[in-house]
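Next, two complexes with chain A in common: one pairs it with chain B, the other with chain C.
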Partner chain A sequence: MQETFWQRRLRDVAAVLVVGVFMFPLFWWALTSFKPTSAIFDKDGIVWFNFKPTLVNYAVTMLGKSRAELAIESGNTFGVGGASSYDSRQTIIDSLIVAIGATALTVLLAVMAAYALSRMRFRWRQAYLNWILSQRFMPPIAIIVPVVFMFHYMSLLDTRLGLILVDTLINLPIAVLLMKSFYDDVPVDVDEAAMIDGATRLQIFWRVVLPMVKGGVAATAVLCFIFSWTEFLLSLFLTNSIRTLPVKITTFVTSTGSEWGFIAALGTTAVIPSFIFILLVQKQLVRGLTLGSLKE
Partner chain B sequence: MVSHHARSLAVDVPVSGTAPRRVWPRFLTSEHPFPWLAPITALILAFGVYPLLYALWLSFFKRNPITRMNVFNPTWNWGKLIGDERVWGAIGHTYLYTITALSIELCLGLAIALLLDSDRKGYGLLRALMTLPLVVPPAVTGMMFLLMLDGSFGVLSTGLVSLGLWPPQHPILASSGSALAGVLLADIWQWTPFMVLIMLAGLRALPKEPFEAAAIDGATPAQAFFRLTLPMLSRIIALAVLIRGVDLFRIYDYVKVMTDSGPGTATETLTSYAGTIYFKNADFPYASTISLFTLLLVIITSSLFIKLFKVRF
Partner chain C sequence: MASVTISNVRKSYGGFEVLHGIDLSIANGEFVVLLGPSGCGKSTLLRMVAGLEPISSGQISIGNVVVNDLHPKDRDIAMVFQNYALYAHLSVFDNMAFSMQLKKRPKDEIRRKVEWAASILNLTPYLDRQPRQLSGGQRQRVAMGRAIVRDPSVFLFDEPLSNLDAKLRVQMRTEIKELHHKLSTTTIYVTHDQIEAMTMADTIVVLRDGKIEQIGKPLDIYDRPANLFVAEFIGSPAMNFLSGEVATEAGRPVVHSNGVALPLPSDVKATVGQTVKYGIRPEHLRPGAGTEGIPAKVSVVEPTGPEIHIYADIGGQEVCAITQDRLELSPDDQIRLVPALDRIRLFEPETGKVIGSDETRPRTLMRA
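Now for the complex of A and B:
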């Protein structure tokens, strides 16, 4: 069905408008992060662009400056108070360690398991696959109380390792499903040819099949990274001093008022790594997301 | 794990030269699925299955709030659950939330996917931009909408008020009638792109021929959509609804961040109620009971859905 000129223009306008609406909160968030407090809480209405942009919010959250230091630097000593609890450098490091650790562990386990599930024929294969996938249906809250007790005995409570293990558990089903669909796209002839040459399964996996699904591994890793990076509930229950970013950001809301500038600055920082990653693996992800459901 | 099938594979294969030496027991070699699947199985058993059984065991204990001891009393928590009005309220909110969000996200997602499904210049960028909300941490999304919906300085709420669409004396998130809608807005913003992404993948994989044939036969775009596109997408739609529905059912982040189940219990869902019992009352057995009950509802509802719509993986 060919579109006429005006139909095309109409589609263009509508598409830009819709995407614009979805981009607005992100734009507003980034804008807020450059606003001084007076422009965020303006009594006369919403401040759009008529404010003096400032980097204070980033200096406090990213460089660990206290507001007192910043005020003295700018020669203003009015209403200063220590605010070092807004320093988020350690939080970002902890979040990165947890996200990267969980991603590495998930990808390692999923790449292995999905290979066996895609290539080997054994009894209970489908049942086993369903069992792994069924873990996805379990609300994390259902296991969290016992996990707190377990971690308490294992000294894993409030540690990065503990968080990595639980994040891995949550990510595994989707990672296995994705990897399996990528393996299934590689013809079995490839394995058989290598087998005739006398290669073992491990050699075939490592030298032949794995290099062929590199793109899929990257897409799976990005998805796992984003899941761990954005995870909230597990970190809230299982950690106290080691905070991941999403939990840390909620502590900026206090009974005496919310530090919206800091929240926006940290929030903006939080989305940047994911944005970069997701744009890098867009193609593989869109293909992987159909999860083989289009194949008949 | 039984080995017969896997073994037959290796036996049939002619191995060049001499037969490999059998140093390891067969099930420990890479020809057998065991070593491939053992690590993942161990992890799931240790941190998934065991805690679940533990939670079930815990739900059979009654917590004494004064002595902080758990006493075996298998019917206590489950009886309390049935008689707990807040549980029933939370079930209502959870289903209301899930069904509303799911229908809006699905319709909007399909519509936007159709809109963005074009090969012309610039649409690739629009599709890429559309995926960005997906990767924002839900807790951050919650904060974002908390700021934008704030009664006195939020850009969305003041916008609605100045357009005369909302009475200024009822801040959206602080009024019991509209708080759930505010939370829904954050969810819809974040997850409609997920539906768009899945629907786009589906649309792009559709065969071209039926549409060409329909055009020749003089079918209108609406007819082509309802007679061709929708039926061919039905399988992926069912899968998307299932995945998203299960996630929606255990909604926690937005509620915790935006309203903390309030005002009163107006936005309390099953998961957030369990969280409250855990953090505020420290009644771990009852929190476990509510969580297990949530899991039970997820299983029942999704099995019904799978049966009803014949979803296959």
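Now for the complex of A and C:
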């Protein structure tokens, strides 16, 4: 159907609106992070752009300065508080280690398990698949008590390794099922052609099939990374000194009030690693990499 | 190059037997087509030769080596799949070079062989492309290139042309035949397309329900089908069949079918009173003049260009006749159809077997 000029215009406007709706919270959050406390909550109404931008919130959360220090440095006296407990540099490092570690471990296990489930025929295969799926039925809160006990006995409480393992545990079922569906899209004929060409099972997996599902690996990795990066509950229960980002942010809600400026600054910073990660893999995310091996 | 011997090969899944004792010997350099409807076991047989399906019982030899327990890579075969099965992430060059890279052959040898294969298949300009940048025909050629660089003893083709459009299929058919002519490698080719089988094969093996129905040269199979199934399966439009009973009329043998007398050659092997299926191909049934031939009523006329297909009714049974004469016919016209007596085949209705075996008729006479 040929679109008229106005139909096309209307569609563009609708697209901008939708993007706007989804982007607005991010924008508002970033804006808030540059506001002084007085501009975040103003009794006279919403403050849009008529404030003096400040980097105080970042200086406190990212550089570990206290507000008192900053006040002395600039000769101003606009508030107290902002001790070193707001320093989130270690938090970001911990979160990155946990998220990258959990993603790498999950993807490593999932690509191999899913290949086997996609290609090999064994007894109870379907039952096994259903069992994997069933692992996602339970909310993590349901297993938190036994996990805490197990981690206690294994000395995994309050360790990054412990968080990596538990995130992997939660991510693995969905990663395996997702990867299996990508493998299923690659015809078995490709494996057989490689087998006749003289490849061993490992060579078929590593040199032929895995490169053909690169897009799937990227998608799975993004999913795992985002889960791990934003995971709150398990991290809250299993750690004390090590704090991942979501847990750290909750500590900014104190008995003397919520530090919205710090929360906004850390929240805005937290977007950046996910953003970079997705940017890195987005080329692979485009599906249809298997195109060309097949008839259409 | 090597011969292939398949002796009493069976395949069963669980307790269900899909191949019931196949015996087939393929000479060195021969182009054999396994032809049959879907589900007849032709692909399974091919995959057993390739080593992709275990053999339930029996023996398959390539050359003088029994390959039953050999891994596919050790059978010295190459296979072209229906959906090409290319390595989508590799260039055309790497697709073809893959098997040699696995064997860690020297780089210059790999380059030489791939370039040689590419030149045979007109793929030289595309060596750096990815499979997705190629057309269907080119992809199929890459799949063939991947097979020929290995210089195997036996080529296996599993319905390689069924994903191509009609025009390309005709072109690729010729290319595969030329390729076989150039390389003279023993080839087993699976298809359900009788035209492919007829045009390409040295020998056609017709399969049905896991059994061999007939083995023969394309024209032998066409001219002298061993049974009703082969007669029906090969040829388009299909052979006409009329049911009736053998009798004599004015001293000449005929088949009485719904009150119509169908003429038979005088040396017919059937006995009087026997019920038979009277088989005659459309092109051997020509419209006759005067009182000659079998009376029929035209139902549909289909001009195809080179010829006219006449569908007509003989005693309540529909037949097709083909003529190159530009006849002006319309439905309900009364015509007479004259069968070529030496082309008539009689079949037993129950067993489907042809009456009067091939041995009783000299080949030269039949060819004439």
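Just so we're on the same page, the second predicted complex is superposed on the first by the 263 of 296 C-alpha atoms of A that agree within 3 Å, B and C clash if a C-alpha of one lies under 4 Å from a C-alpha of the other, contacts with A are read in each partner's own complex, and residues count from 1 in each chain.
Criterion: a residue touches a chain if its C-beta (ideal position, glycine included) is under 8 Å from a C-beta of that chain, and two chains touch if they have at least 3 such contacts.
The structure displayed is predicted, hence computed values, not measured ones.
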item: Touching partner for A:197 - first (chain B), second (chain C), both, neither; value: both
item: Contacts of A:165 with chain B and chain C, given as first, second, both or neither; value: first
item: Which superposed partner A:123 touches (first chain B, second chain C, both, neither); value: first
item: Partner contacting more residues of chain A (chain B vs chain C); value: B
item: First (chain B), second (chain C), both or neither touched by A:265; value: neither
item: First (chain B), second (chain C), both or neither touched by A:187; value: second
item: Partner chain in contact with A:92 - chain B first, chain C second, else both or neither; value: neither
item: Which of chain B and chain C A:212 touches, first, second, both or neither; value: second
item: Touching both chain C and chain B, counted on chain A across the two superposed complexes; value: 195-198, 289-291, 293-294
item: Partner chain B, residues of chain A touching it in the complex; value: 1, 8, 11-12, 14-16, 18-19, 22-23, 25-26, 28-29, 32, 40-42, 45-46, 109-110, 112-113, 115-117, 120-124, 128, 130, 132-133, 135-147, 149-150, 165-166, 168-169, 172, 176, 195-198, 200-202, 205, 226, 229-233, 236-237, 245-247, 249-250, 253, 260, 263-264, 267, 270-271, 274-275, 277-279, 282, 285-287, 289-291, 293-294
item: Complex interface listing, chain B residues touching chain A; value: 1-6, 9, 13-17, 20, 29-31, 33, 36-37, 39-40, 43-44, 47-48, 50-52, 54-55, 58, 112, 115-116, 118, 120, 122-123, 126, 128-141, 143-148, 153, 155, 158-159, 189, 192-193, 197-198, 200-202, 204-205, 211, 215, 221, 224, 235-236, 239, 246, 249-250, 252-253, 256-257, 271, 274-275, 278, 284, 287-288, 291-292, 294-295, 298-299, 302, 313
item: In the complex, chain A residues that touch chain C; value: 187, 189-190, 192-199, 203, 208, 211-212, 214, 289-296
item: Touching residues on chain C, where the partner in the complex is chain A; value: 50-52, 71-73, 77-79, 81-90, 98-99, 102-103, 130-134, 136, 139, 143, 146, 150, 163
